[in-house]
């Protein structure tokens, strides 16, 4: 039974608290948050204690910490926790700064402690099934990957300004998905973006609609489409063409009801909230972390994976600014 | 916060224990089972005590009991618990004997205690959406209901022999669904059945494949199809035609992956186990029970609903034996 | 090259004229109709002559006639044409009277001339694929067949009165589909019907909504659902459960466009008109007739098939009137 | 009634001959082909005469010619036919050379004769429905267009060598579809391509897999994916995201049968041949040509549209070679 400390009791921290408690191999012992009442609510619900993050990290009875705090604290907390001998599951991204993330990676490697980055979509049942089918050769050699990832609605412009931009904040999941499914990093990143959804986002120096093309050394190609607004829901689709077929992961719908009237044949919308869409993925992610820790096997998603995703985001950011393709080797 | 005693720690009891614990308005206090190790395992996992069912029913600190024991004990336990002043959620069916179920209904009514029968499918998100759409007039006046309900594989013949037969054991859910969606009981029940899946089932005096037609006083018609074997999974579909359209609830699939090859376009199968299929329904059912109890409102599924479903099963059993339609008024 | 005479230039005659002309093995030579301008229009379009049906039947240069006249003339024309040595493709039904149809069958058998009945749905690409899959054992032994067949809108009550009733006029196609897919006739027919769509139809002595259950000697069951009104289009679905799987033929939609908005995910409706829905079936039906005639092989749909469908319609009509199952052997 | 001369009696010429004959407003009078037996076969089937293309163009009784000859003859024949006073429907592309196509456009403009280019996909029922929905504002302002266009199998390398390359030969349809749906030309074209399907195609100087991103002046983006090989069939999908929703045109399947077994849920494949997929589009295209000619209205697809598609293909070809985005204004 692993004793777990949770750093961060916000929206995503609540999801993790539930997964930690429901797992037969882990117990939620302590919770911290900059807003103490958030921590207190979670602690009460799950029979844990409220402490500061420093106290949790210093407590030798805590086996692992789950970092669900704000992005700017991730690197520092990862370093502190691993140096204190703890295993870590940290929400993505490692850091908005690629240099800082790499420094963190270096610092962690000296501790030898296992760190997993919460690129949770790898644990989605459909994407996982897709990966297994690719690895099993069910579509032969993979050739062309397409990822469609639209948010239901843009965040406030105030958030956009501190988000690191669409590529680091939103498409980072898709960059990791590309690496996960293609099993390699691309050579070249070519990005196009604009702010057709909301000119205020453009005024804030970001894009809200983007298409990024990734070219791999062996000729394979991936294309990622992002939009900050799909009014019908959270649109998360992946497809990959191979020499022997096509795999598609389609949207998860709110229910299975179909209504046929004189207007047409109406189905339910995709689930709207990312937490609802990826709830099974969060549970499976936690199980994978506990299993790896218990068995002493490699973490299924590493700090390097987190840095790689950030590196691709950096390349895309440079490409959309310069209007030219960027070699990944030239980044960072 | 309601204190709950769980009677029965088998497969379905485990599902209920999880729902009780996860609900913010209820606590699992005590568990009983004829096999004490079953009760002990659940009690340990959720921090409850192991007790006998008599002790649980007698404990004044317990607000409500959830009865998930074997069918032949349902009526007795419902009566005992309500007479002890407890609210009850009891798994279907009330009893295999219609007469006994009616006697139970009569006994309970004297206690004035609320009893809900676990006809869980009413709480399935898709069927619930369908019911709401019907009530909102989205398909106008309802006319023709069809329920397809196939199990993935037949139970052992030893179970068949004590099950009460397909109509009481399996189609009872569909009879209740018909009543739920049509909002009325039929006048006439006409059943056809055979044992094309397994002649052993026929030799045991039961059918494994059946079609039942329900005729309502206002001319509406419902048809229910059951099979004990659909090798591709648990097939649970409902559709209803109205004057302004058609509503269909389709199957829940294991995942959303679609694979296109030279063989064809392959999607995932329907979920195989009824517990997986109806897991959200069990959670919603428990929430509805807690809410009704907390608010002092009527139970959303009553003992009368349970008796009505049994009554339809009795009529269908008579019809398939006589080869002629049976008037519901002539049953029981 | 077969020389063809077309009797009847109404809506369905126009469809056949097109199929006859487009086929490389047949030429449309002559057209008759009780309204001469109908015949003239078709004759002009396809370079044929306008003649009376008597003249066409008497013309030794005509190899075959296609009978697309009103139902009450079918039997007489089939007899006259076969006695004049012609092959015949006649629209369904053979006759509204089972006795008359059987007399026609007897008369034709004496001529030895090939007669095909236009039960066109057997030639629908999806139903044909389904039949081939059943015969190839792809779902093992068939067990339970379901046919859903809804018209978009009821015909005028004036037509209902002379139609022979829903079972002979509309469900006759579904009876034939059941025989086609099950490869046998049922022992027992059990029908339930009402006029929930339009009480005027009930006042005219007919039903507009019906469910018929067919029981086969070997325990298999088929259920047919008909409604005269499905406002969303022509709903034509078939599914069959077997020991190794399920086959479903779904609706043909007007197009493949899907629109996702805040309202939901909207697809196109099923095609509305039966001629549009079954246009490929009419072409394939004609090709099958020409091929059988050219090769001297058996007609793929026989006069006996037409009589059998009528027999089932007769049984269903009796069952809905008596409220009891009818043995097919007791009919006709 | 328009008298039509058909130049070219190959595979696509046969499709057009059928459409011309079936149309109530046109008659196929004469057919030419470099292989006279091809012309003879079509002429016999449809009651037309075999002539040389020069004879057809010179015949004053011919109202219009349909040019379905090899690509290298298109420009010359368009010029000759229009100078002889004929209306023209010419298969795409106008020419492989952008300069030659522009010269042809200039020459035709002096004749004042109507020329339509056979960019047939605009007439596909689903793409047409999509265009109408966009124009009707059903998804608000369009933002992000995606076109997936995969051939079932690559052509012989010998064809590849004379094809003008993937962008001019295959993606030209998708460039036109982008212009059709976006209602504008892009500013910038950015292409990535490789030969992962067959290195022989790469050795021949072409790509077999490509992704092209189009950036529009107003910030909108389109992305086109092409592959020469999708073993499951002809994959033709389009989707467009707008401020109020998403429109998708999905594949046309061979039939509507779905088979559920222990292996999964299997549907039919997309239609394999482009002629089968777009047969309704060819008929609608011809009808649009005849209607425009008869009514004296503008051609629905112009020579300028053909030149624009070629211009985009030229830009993509340059982009994939240079590895950098290309401004459309810098092309041609």
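Miscellaneous remarks
First chain written, first letter: the chains are A, B, C and D, and each begins at residue 1.
Just so it is clear, a residue touches a chain if its C-beta (ideal position, glycine included) is under 8 Å from a C-beta of that chain, and two chains touch if they have at least 3 such contacts.
The shown structure was predicted, so the numbers you read here are calculated from the model rather than taken from an experiment.
A count of C-beta contacts for the chain pairs A-C and A-D puts A-D on top.
On residue numbers, the C-D interface is repeated by A-B, which shares over half of its contact pairs, out of the options A-B, B-C or B-D. Measuring from the averaged C-alpha position of chain A to that of chain D gives a distance of 41 Å.
Rounded to a whole number, the gap between the C-alpha centres of chain A and chain C is 57 angstrom. Each of residues 230-232, 235, 244-246, 260-262, 268 in chain B touches at least two other chains. By the touch criterion given at the top, residues 22, 24, 45, 125-126, 129-130, 133, 138-139, 244-252, 254-262, 268 of chain D touch chain C in their complex.
Every residue of chain D that touches chain A in the complex is listed here, in rising order: 141, 143-144, 146, 148, 150, 188, 190, 192-197, 202, 209-211, 213, 215, 218-221, 223, 225, 227, 229-232, 235, 241, 243-246, 323-325. Interface residues of chain C, counted against chain A in their complex, comprise 230-233, 235, 253, 260-270.
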